[in-house]
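Lettered A, B, C and D in written order, each chain numbered from 1.
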Amino acid sequence: MEQTLILVHCTDAVGLVSSIAHVVAKYGLNITTMREYVDESTKRFFSRIVCMGKAVDPEKLMQELLMILPKGASVKVNPPKQKRLAILVTKEPHCLGDTLVRYFFNTLGADVCCVIGNYDHLRSFTERFNVPYHFVSHEGKTKDEFEKELHKTIYSYSPDYVVLAKFMRILSPVFIAHYQGKIINIHHSFLPAFIGANPYQQAYTRGVKIIGATAHFVTDDLDEGPIIAQDVKPVNHTYTADDMRKAGKEIEKAVLSKALSLIIEDRVFVTGNKTVVFE
Amino acid sequence: MEQTLILVHCTDAVGLVSSIAHVVAKYGLNITTMREYVDESTKRFFSRIVCMGKAVDPEKLMQELLMILPKGASVKVNPPKQKRLAILVTKEPHCLGDTLVRYFFNTLGADVCCVIGNYDHLRSFTERFNVPYHFVSHEGKTKDEFEKELHKTIYSYSPDYVVLAKFMRILSPVFIAHYQGKIINIHHSFLPAFIGANPYQQAYTRGVKIIGATAHFVTDDLDEGPIIAQDVKPVNHTYTADDMRKAGKEIEKAVLSKALSLIIEDRVFVTGNKTVVFE
Amino acid sequence: MEQTLILVHCTDAVGLVSSIAHVVAKYGLNITTMREYVDESTKRFFSRIVCMGKAVDPEKLMQELLMILPKGASVKVNPPKQKRLAILVTKEPHCLGDTLVRYFFNTLGADVCCVIGNYDHLRSFTERFNVPYHFVSHEGKTKDEFEKELHKTIYSYSPDYVVLAKFMRILSPVFIAHYQGKIINIHHSFLPAFIGANPYQQAYTRGVKIIGATAHFVTDDLDEGPIIAQDVKPVNHTYTADDMRKAGKEIEKAVLSKALSLIIEDRVFVTGNKTVVFE
Amino acid sequence: MEQTLILVHCTDAVGLVSSIAHVVAKYGLNITTMREYVDESTKRFFSRIVCMGKAVDPEKLMQELLMILPKGASVKVNPPKQKRLAILVTKEPHCLGDTLVRYFFNTLGADVCCVIGNYDHLRSFTERFNVPYHFVSHEGKTKDEFEKELHKTIYSYSPDYVVLAKFMRILSPVFIAHYQGKIINIHHSFLPAFIGANPYQQAYTRGVKIIGATAHFVTDDLDEGPIIAQDVKPVNHTYTADDMRKAGKEIEKAVLSKALSLIIEDRVFVTGNKTVVFE
């Protein structure tokens, strides 16, 4: 008995589930968990189907599904399980540390193909896990030069996703265009509260009782891309801005880890500026 | 455009989703949200399907679905929306209060057809909402006599569900058999911790840092029926047993309300001693 | 054995705890829980002291404490336990309902002296609890006229606090000045996210994965007063703006209830635009 | 300006706060945060006092405090900040990984002096952080022999605390007596639910909707020592026992980290079989 995973998104139409399930049944596959959602506002159909049965030819099944689906449909059958991640960092280690430890013990469910820092601070830590570290400084370079070098380094690893694990440089639309829908950022606030710089100072000044973090896809609009996961933590009046920053790191770590796990397990679809997450 | 809700549970088989979706498509219905789950350990199939389209004859659709499903399948099409609840209480008002306020303002999604108390304490409150209150005392009666009277009173309202909203008498298997799968209890602890009496005193003595509550279906085994919903709340060393009891009431209220809402929206299936909840 | 509660806030100075505790000990009182906090940024000292011992003359103890504290200190000894609340509403019943039920069953810890609505919708509900309801319409009046009438009605009850339980009119600085530090609002978002109107629509559009609510004191700046309590709840892609609104009501109810309970138990101090909450 | 931290626990008596604060004021120290709690059931007094001022002689201040406190009082002034931890493991890496990464980046607030495993699995990982790893097998040894070797190894490092980071051997009262109040365990369930072996299988079988983890001090009674911290996470019907185990690891990691942080910051006192935690 093998597991087959099918991912579909396309324009909505009457009978889609029937058509898809018909094809799946023809292959002798038993659907064990099916998630399906129609975004009524955009008339888009999303489905994640887990089947059990004998192994199938994924390419063949995909082609057959494409034939019965509306034009322009996207279908994946058994997408690569061990996705490749390029991780971008600046100086803060908590998100990188958590990800590399999971990678080391095979609980990440993905490969970390490289770590790239605009400082050299995290090299020693990274290399302890036998992961290549590249120091691509932004200093003395135009944004364009910096991003070209960054892109070249990332490109050489052809990663499935680029993870901004507390990477503190704002990326240009030109750069982002190279990795459409593939850049994941961890933002140090409960978006859309405290957009922009120094959110913990802002949270402290406002006297909030809860702080949070947000993992999202990166689009041209800073901090405005589709949200994948969020979480929060209570704070109180005794917290200084620094205490909030410290507590915030725990949430950032947990939220990025959650978002990566959802993406690695192919549970996330993007629709407009939102996500559909089949948890 | 009407919404049609379809609920199916049956023995699992290859092609069930396909067969069901085929029938649904024949009726011109568009599936907007489909939830499906196979319990591998019991080989049972569960599905909750929300469709949009022109109004259908529910009886006809149900019969057609039964024909294509394995023998013994259970199918509901557009189950009654406004379910009828009989609420059993003792003296504590918090769960009853919350439920009656929702009922009064039409946000419960169900009718409270009666409140029955083994004390008369909550009559005045209940009657303010024009809901009939029955005082069925257990005093001076055998358990059997008491339960017969209880049953007679409940039966006269033919409710869909019997809600034990802090009803503090243990019910016998004979009584429970009358309402198989229809009795919902709110238990004042995070089951299976602190089974039995006085859980807040137990929690206090143990020095726990979190307390909780559990809503579950009632079966013959006290506190052992299928769990519908649970929630928790942090406590600390300054909490006396009474403080925990007070904090616990907030959780009990919230958890019962959550469980009722899931049941009223037909999101809960029972499988063995567990629930499948399509949230 | 009686409990004595002492509340102090004043300019910070070396030896304050010693001086206060010295006076308390002179009265033969045993401190069972002492909370103390110095806001370093404003150099303000806050303390909440629970003592056990024989009953004391609160006025005398207060005077003695004032003598040993820095000029301008605020001291309360055994502040009135049963505070009086005036509740302002518009049409939405959930926060009012929760508060009135607690009041009815003596679990609010305060008196609801009146409910005032700028619509008449919630009269019938309110009067079921024998609480006076006043309909003060804003229609056909200038803001000034409306607020004068509101003020006159509230004033006649001399409440300790004015609770905006989903009161949807913005109050002017003139009105607010009458009740400095005494107006509590429940805001339908996790401030400072989604300031202003229609936060659930905003939250839906942004595709957030968590929604929240905030209870705060009202100051001249809309939605900017000191935050008392906040809480959140997870949502997902299947939530419409209306579903978020519905889920939000549960949080609003819980957060307002939490804030009221903190205030009623004299656990909240205001410092600048923040609160010190001794939970 | 230096910070001075004072920890006191002793038999309760009238005037303790006054006496302590009087001594503190004599030293010219300003109390910025004082936490105080009296356990009424045991008549014990606990206090954690943070002061600012010029540096003091901790030994002298401690002696002066002991003189004014009831006989048998425990006083600490500026306890060692950089505590030493010995970590015991078996095969599971998640708690060790999290702790070592924090240690590596100086965010643990403590030293990891050694890691001891009853298997050799985690040696390579540990040594990457330049922390000594000792393989002390239990195989082919009596419990007594095994524990003697364990004790000898731990003893050579004279740690302040022994952390059982998923160490899966039950320790004897004899061993525990060597480290009274110094052994911290992370238990893989929300105690007291699912005491004993295989809690995730138990949780799965029971169909719970929330799972949890508990950090506690180890006493002679297995899983019954004073609880330091607990946390939980929602699960649902789609979780297998393995999925629960995986989700549980995230909670275990977070709860152990929380407990260690509380202990390292001297915020935890033990009273009977409970803890007082000044968060």
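One rule holds in what follows: a contact is a pair of C-beta atoms (placed from the backbone, for glycine too) under 8 Å apart; a residue touches a chain by one contact, two chains touch by 3 or more.
Predicted model only: the values in this text are computed from it and were never measured.
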{"item": "Selected pair, greater C-beta contact count between A-D and C-D", "value": "C-D"}
{"item": "Reference interface B-D: repeating pair among A-C, A-B or B-C with over half of contacts shared", "value": "A-C"}
{"item": "Subunit A and subunit D: spacing of chain centres that average the CA atoms, whole Å", "value": "35"}
{"item": "Cα-centroid distance, subunit A relative to subunit C, in whole angstrom", "value": "41"}
{"item": "Overlap residues in subunit A, where contacts from two or more other chains coincide", "value": "33, 37, 238"}
{"item": "Touching residues on subunit A, where the partner in the complex is subunit B", "value": "12-22, 24-25, 28-38, 40, 53"}
{"item": "Contact set on subunit B toward subunit C in their complex", "value": "33, 93-94, 97-98, 101, 104-105, 107, 125, 128-129, 238, 246, 250, 254, 257"}
{"item": "Residue numbers on subunit A that touch subunit C, as the complex places them", "value": "37, 39, 190-194, 206-210, 212, 226-232, 236-238, 271, 273-277, 279"}
